[in-house]
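The following pair of complexes shares a single chain, chain A, combined with chain B in the former and chain C in the latter.
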Partner chain A sequence: MSYRIEGATGTWEIVVGLEVHAQVISHAKLFSGASATYGGEPNMHVSLIDAGFPGMLPVINAECVAQAVRTGLGLNATIHLESRFDRKNYFYADLPQGYQISQFAHPIVGEGKVLVELSDGTEREIGITRLHLEQDAGKSLHDQDPTRSFIDLNRAGVALMEIVSEPDIRSPEEAGAYLRKLRQILRYIGTCDGNMEEGSMRADVNVSVRKAGEPFRTRCEIKNVNSIRFVMQSIEVEAQRQVEIWEAGGTVDQETRLFDHARGETRSLRSKEDAHDYRYFPDPDLLPLVIEREWVDALRAALPELPEAKRSRLEAQYGVSRYESGVLAAEQTVADFYEQVAKASDPKLAVNWMLGDFFAALNRTGKSIEESPVNASGLSELLALIKDSTINGKIAKEVLEDMFETGESASAIVERKGLRQVTDTGAIESAIRDILAANADKLAEYKSGKDKLFGFFVGQTMKAMKGKGNPALVNELLGKILAE
Partner chain B sequence: MRDMTLAAAREALAKREISAVELVDHHISTIEKLDGDINAFITTTPDQARLAAKAADEQLAKGEGGLLCGIPLGVKDLFCTDGTRTTAGSNILRHFVPPYESTVTANLLKQDAVFLGKLNLDEFAMGSTNLTSAFGSVTNPWKRAGDDKKLVPGGSSGGSAAAVASGMVLGATGTDTGGSIRQPASFCGITGVKPTYGRCSRFGTIAFASSLDQAGPMARTLEDCALMLEAMAGFDPKDSTSVDLAVPRYVDALERGVKGLKVGIPEEYRSEDLPAEIQALWEQGIAWLRDAGAETVKVSLPHTKYGLPTYYIAALAEASSNLARYDGVRFGERVPADSLDMMYEATRHAGFGEEVRRRILMGTYVLSSGYYDAYYLRAQKIRTLIQRDFLSAFEKVDVLLTPTAPSAAFAHDEKPTDPVQVYLNDVFTVPASLAGVPALSLPAGLDSKGLPLGLQLIGRYFEEETLFAAGRVMEKAAGFTHRPALFAGSAA
Partner chain C sequence: MSLDTRTVRRIAKLARIGLDDQEAEGLRQELDGILGWVEQLNEVDITDVPPMIGTGLAKPRLRVDVVTDGGKREAVLSNAPDRADAFFTVPKVVE
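Moving on to the complex of A and B:
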C-alpha cells in the first residue's frame, strides 16, 4: 500500500534511508581488551587505549570482525576481503582520542538486501548500501553537578556496526518493517541484541519528499532515534514539515535534526554550514584489514538458519501457513519451541495452540517464551492428551490455565481434577437418555422437524457430564438414539 | 672509565673489572658536572639507577644478567616509563607520570639496562634544533674552534645525542620521524640508527607521525648501537604495525666487510648548495668503501626533490590528529574555563609551544575538506613514488651512501627565522623515513671549525645488518676519536 501525502499542489511521496548503529555482541571492545559489557559502575570497563593515553595503540579484535562478516552474510551482502580504518576527527569530551576510528572509504561489507513484509502481506526488498565497523564514544553526564559534566568511558571503544540502507523506503510502515527485520536478523545471528531502549541499536533517519517521477530533493537527517515507533513518527512529521515548506514556496535546507517525541516535531540541530569537517584519513596505526576467503566461508557455513529460510522450511516441513511461519520465525526461541512441540505431538495442533491459547496465556502473564512456566515438553504433553482423547479441547484450555498458575504437568492436573474424558459408550448413552427423558417436550419438537435442537441435546449432555464427555461419541450416540 | 664504549663497559663488567654501581656512579657524577651546561636531561633518576645497578651487580656476580646488564642508558622523554615522568618536552605533559612502560624501554629493562633519566627533545619530537623544548634548549657539547657560542645538538633526539657525546650515558634511545636520530647524531659526532619501520614497537612511545615514527639506538659506535638495537627490536602484538620477524644478533654482522657490496650514490642528493666540506667528506666515504672492496654506482632517486613537502604534509596531517588527545580532559595539564570549547582552547594554547601549534594548524589544513586531495592525497601518492625510487635503486645496489645533514651544528642564535629554512635540515633524511627503509648516521670527520659531520647509509627493508657491516668499514677508516669540548672528565 503506497504512502502518499496529499498537499495543496499535488501528491507527494517520501524517500527514506536509514543508518542503523548496532552494537556488536563481543566480550571485548573493537581495539582494546577492555570488557564490552553493558552497564557497570562508570569507568569500570576502560583500558588505557580506550582513554586515549599517550603512546597507546589500537589492535583489532578478530571477534568483532567476525561478527561484522556474519552480519554481512545475513544481509546477503558482498564481503570485502580488504577493508580499511579511517580516523574521523572531532573534539568532544567523551571522545578520548579526539577521533573515532571508523571505516569511511573502504567498509568491510558492501551491497546487500533485506526482504520486508508489510501488513497487507506484500513484500519489498530494501537495498543495503554498506556495513562498516567503528568505535562507539563514551557518555557525557550533564546532570550530576550544577557546573561540571562527568564522563563515563565504559562504552568508549565498543564496536558498532553502522548499517546503511539505500533510500528505498517509501513509508513509515516500511521503515518500521525494515528495522524489525534487521533486528530479527541481527538477533538470529547473535551479532547485536537489538535492544533500542538500552541504546544497543539506534537509527539516523534520512528523509526527503518528492512528487512522483522526480529526482531526489534535499534530505534532512534525524539523528539518534531510539525506538521503532519514534522512527516511524519522526518520518511522518518530518515529511509533513518538508511538504509544507516546499508548498509554501520555500526550500528545505540540508541539515541535521533531532526528533522531540514529547512535542511530536523535529528540530534543527546544525545546518550544513555548521557541519563538522571530520578530516577523514586512513588510520596510520592500523594496517589494512585483510581477511581470507576460507575464513569467510567457514563463518558462512556456521551461520544459523536465517529467518527467511526458516519460514520456508517450517511451511514445507510442518504445513504451516505463510502467516503462521512468519509468527513462528519471528524469534528463534519461538520457532525452536514450536518444532519441539510439533515433533512431540501434532504440527497442526501445535501451531493452533501456540498461536492461540499458549501466546494468550503468555501475554496475560506478561512473560516471554523463555520465561514461560510451561515448557515445550509440558505443552506437548497437553496436546498429546487431546490427541489420544484423554481430554477434549475445551477441558484442555482449562488445564493449560492451571498449568500456567501451578506449574503442574497436564496429566497431573487431569488426574487431580478428574477431567479424564468419558469414552464409555454405556455412560454416555445413559446420560443421553436421561436428558431426553427430562426434555420430552423438546424431543417432540425435534421429532416434528426442529433439527436445531440436536445441538441443545449435545450441550445438555456435556453439561451433565461436566464437560468430560467425548464430543465425537456424544454426537454419534445421540444421533443413533434419536433415530431409534 | 671516561672514554669507555658501551661494548667495552660490558666486557669490563663481565670480567668484574668494574662494578655496575661504579659505572653508574661515574655517569651520575658526569651528569651532575656537565648537565647544568648541556641540559640534556629533563628528569634524572639517580636513586632508581643506583638500585638497578646494585641488582645488576648481583646478577653479574653470578655470571648472569641480560645483554645490557648494568649499562647506564638515557631514554628520550618520548618513551613512556612506568612511574617516571614522561613529558614529550611539552608543558601539556609537564606533570604526566605514565602507569605503563613503552615496549622499547621494557625490552631494554628486560636486558637489565640501567636508566639514568629522561632526555630532552624538541617538543613532541617536532624540530631539528632542540630549541622547541618546554624544558629549555639543549646545548651541543661541541664548540667551534675559537668560538664559545652555544651550538644546537640537532633534533629532535638532541638530548639523547648530547648525552651520549658528552659521556653522560653509554647509549640512549632516540626516535626518528624524518631524521630525528640521524641528524642530531651527525651534529654531535655520534652514531645513530633508524631501523626499518616496524622493527621496533611504537607501543608506549608518544606519537608524532605514526606512519613514520621509529625508535632506534644512539651511541658512540656501531657496535654499541648493534647491541642496543638487538635489545630494543622485536615484534609486539600491541603494535599492529610492528613486524613479526626474528631479531638477528646485529653484532655478528659488523665484521662482514663490503667485498662485492654495491654502494649507490644518489645523484639527486648532489647540490650546488651543499658545503664543499660535506661534499668532500662524502667523496671520502665513497673512497673508503671502494678501498675496502665495494663497488660504487651512481643511482637515481628521481622523486627526492618532493621528499620535504611530502614529508611535511604526511607527518603534520598525522600529528594534527595524534595530538588531539591532549585536551585537558583525562590527563596532562588543564586550564579551566567556562565552556568545553574554551577549556580546549586555553589548555592547548598554554600546553603547546609555537612550533607544535604551527604544525597542528598545518596538519589540520592539509586534511580539511577542499584541500585534502590537493595536499594529503597527493602527498600519499608521491610517498608511494619515493618508495618505488628506493625499491628500484635497491635492485641495482645494496646500500646508498649520502651525507646525513646539509650542515654542521649551528649556533642557537643562527637558527633561521623562516621555519621552512629549518625544515631544510631534514632534506637528506626524510626520503628514507617516507620509504620506511633503515638508515644510519656515523661520524666521519670534522669540518674546518672542528665540528663533527656525519655520513648516512640507507639500506633495504630489514637489512640493518648490511648497514652495520658497511658502516663498520667506514667507522674503521674514519677512525673518529675526536671528543667534544664538554666531555666526561674534561674541565667543564
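Moving on to the complex of A and C:
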C-alpha cells in the first residue's frame, strides 16, 4: 500500500529519513566515570569532565564502544575498525563544554539495513546510513522559576548512538514500523532500553515531498520527536504543509521545525539562524579509536538471537505462522514464555492460547508478561489438562480466568470446582435423551429437515451438563441418537 | 587567502564575542597573518603521506565501565555565576 497526497496539481509522494538518538545502556558515561543512570539527585551524576572544567580530559568508555559495535552488527552494518571523535561547536546552557563530542567524518558504524513489516504483511528494507557515538546534553527545567531556567547536568555526557536512516521511508506507517523494529533490535541486544517517554530514544524526522519520478526536493527537519505516534503525525502534517506551499507557487525553505502535537502542526525554529555552522574539527583530546577485528568477532559471537532469526526458527521449530511468529518474537520475554509452554504442552495449542485468552487476560489486568500471575509452567499445566481431555476448551477459559484471579494452579481449580470433563458415554447419553424428551417439538422439526437444530441440542446438552461434557463425545452420541 | 571583516564578524558571533570596528579590523589583520603563516604548509608535497592524527602508534587508553566519579555537587557548582539549590541557573531559555 503506498501513501500518496492528492493535491490540486497532481499526486505527491513523501520522502522521509530518520535520525534516532538512542541512549546507550552502560554504568558510566561515554568519557567520564560518573554514573549514567537515569534520574538521581540533580547534579550528583556529574564529574568535572561533564561540567566542562578546564584541563579535564575525556577517556573513552570501552563498554560504550562495544554497545555501538553490537548495535551495528544487529543492523547488518559495516563496522569501522578506525573511527574518530570530532567537536561539534554550539552554545547552549545545557552544554557546559561549548561543544558536543561526536563522530562526524569517521563514524564507528557505516551502512546497514533494517527489514520492516507493514500491517498488510508486506516487508521493506530501510537502509541505515551510519551509526555514531556522541555525548548527550544536560537537562533544562523551564517551569521552576519565572525568569530563570534550571540546569541539571546528570545526563550530560551520557553516551548516545545516533542512528541515521537513508531517505527510504515513504509513508508515516513505514516510519512507525521502522522505529518499532529499531527499538526491538536495540532491546534484544540490550544496548538501549528504547523508552521514549523517559527520552532514552528520540527522533529527528527529515521530510520532503515530490511528484513521482522527480529528484528529491528541499527537506525540513522536525527536531526531537518523542513518541512513535508523534513521529507518524508530524510526517503527515509536515508533508501536507509542504504540498500546500509548492502548490501555491512557493518554495519550501530548508529549516529546523518543532512538532506541536497539541495543535497538530509543525512550527519553524528560526531562533538559531547560525545553528548549523557547527565548525566540526577533530577533538585534539582524543586519539582515533582503533578496535581489533578479533574483538568485533567476539562481540558478534556473543550476540543473542535477533528478531528475524528468532521468527524463522519459531516458524520452523514449532510450525507457527508468519503472523504468529511476529507477535511471539516482538519481545524476547514473550518468545521465551512461548517456548517453555510449547515444549511442556503442545506448540499449536500454546500459540492459540497465548495469542488468544492469555494475552486477553493480561490486557484486562493491565499486566506485562513478566508480571503475569500465571507463569509458563502454570499455563502449560492448563494446556496439558485440555490435551489429556481432563477439561474441555470452554471450561479451560473459565479456569484461566480463575488462575489470573486467585493465582491457584489449574488442577487445583479443576478439583475445587469439580470441572472435570464428563467422558462417561452413559452419562452423556442420558443427558441427551432428557433434552430430546423435554424438547419434543424441536425434535419433530429436526426430523422434518431443520438440520440447524443440531447445534441447539448440543448447546442444551452442554448447558445441562454445566459445560463439562466432552464436546466430541456429545456431538458423536447426539448424531447417533438422532439417527435412531 | 585573505580574510574580510565580514568573516571575522561571523566568527566572533559564533564564538559569542562582541567586537567594535577597531577590534574587528585588528583581529582581521592578526588572523590574516596567522593564516598566511599556516599556508606555507601548502608548499610541502604530501601526495603520498597519510594524514597524521595524534602521535605515532599511540592508541587511546580505554576506560572500563565502572562508576568512579560523581557525587561532588558542590565542586561542580562552585564556579556557577548563579544557582538555586542543586541546580545551575541561567536566564530563561524557552523555544
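In this text, the second predicted complex is superposed on the first by the 471 of 484 C-alpha atoms of A that agree within 3 Å, B and C clash if a C-alpha of one lies under 4 Å from a C-alpha of the other, contacts with A are read in each partner's own complex, and residues count from 1 in each chain.
Convention: a contact is a pair of C-beta atoms (placed from the backbone, for glycine too) under 8 Å apart; a residue touches a chain by one contact, two chains touch by 3 or more.
In this text, all values refer to a predicted model and were calculated from it rather than measured experimentally.
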First (chain B), second (chain C), both or neither touched by A:43: second
Touched partner set for A:34, first chain B, second chain C, both or neither: second
Dominant contact partner of chain A by residue count, chain C or chain B: C
Touching partner for A:258 - first (chain B), second (chain C), both, neither: second
Chain B versus chain C as contact partner of A:51, first or second or both or neither: both
Which superposed partner A:452 touches (first chain B, second chain C, both, neither): neither
First (chain B), second (chain C), both or neither touched by A:60: both
Touched partner set for A:293, first chain B, second chain C, both or neither: neither
Chain C-contacting residues of chain A that also contact chain B: 48, 51, 53, 59-60, 89, 91-93, 149, 151, 277, 279, 286-287
Interface residues, chain B side, partner chain A - complex: 79-80, 86, 88, 93, 96, 98-100, 102, 202-207, 209-211, 237-241, 317-318, 320-321, 323-325, 327, 329-331, 340-341, 344, 364, 367-369, 372, 376
Touching residues (chain side chain A, partner chain C) in the complex: 26-28, 32-35, 41-49, 51, 53, 59-65, 84, 89, 91-93, 140-142, 144-153, 258, 269, 271, 274, 277, 279, 282, 286-290
Touch list for chain C against partner chain A, complex: 10, 13-14, 16, 53-54, 58-73, 75-77, 79, 82, 84-95
Chain A residues touching chain B - in the complex, by the definition given at the top: 48, 51-60, 87, 89, 91-93, 96-99, 149, 151, 277, 279-281, 284-287
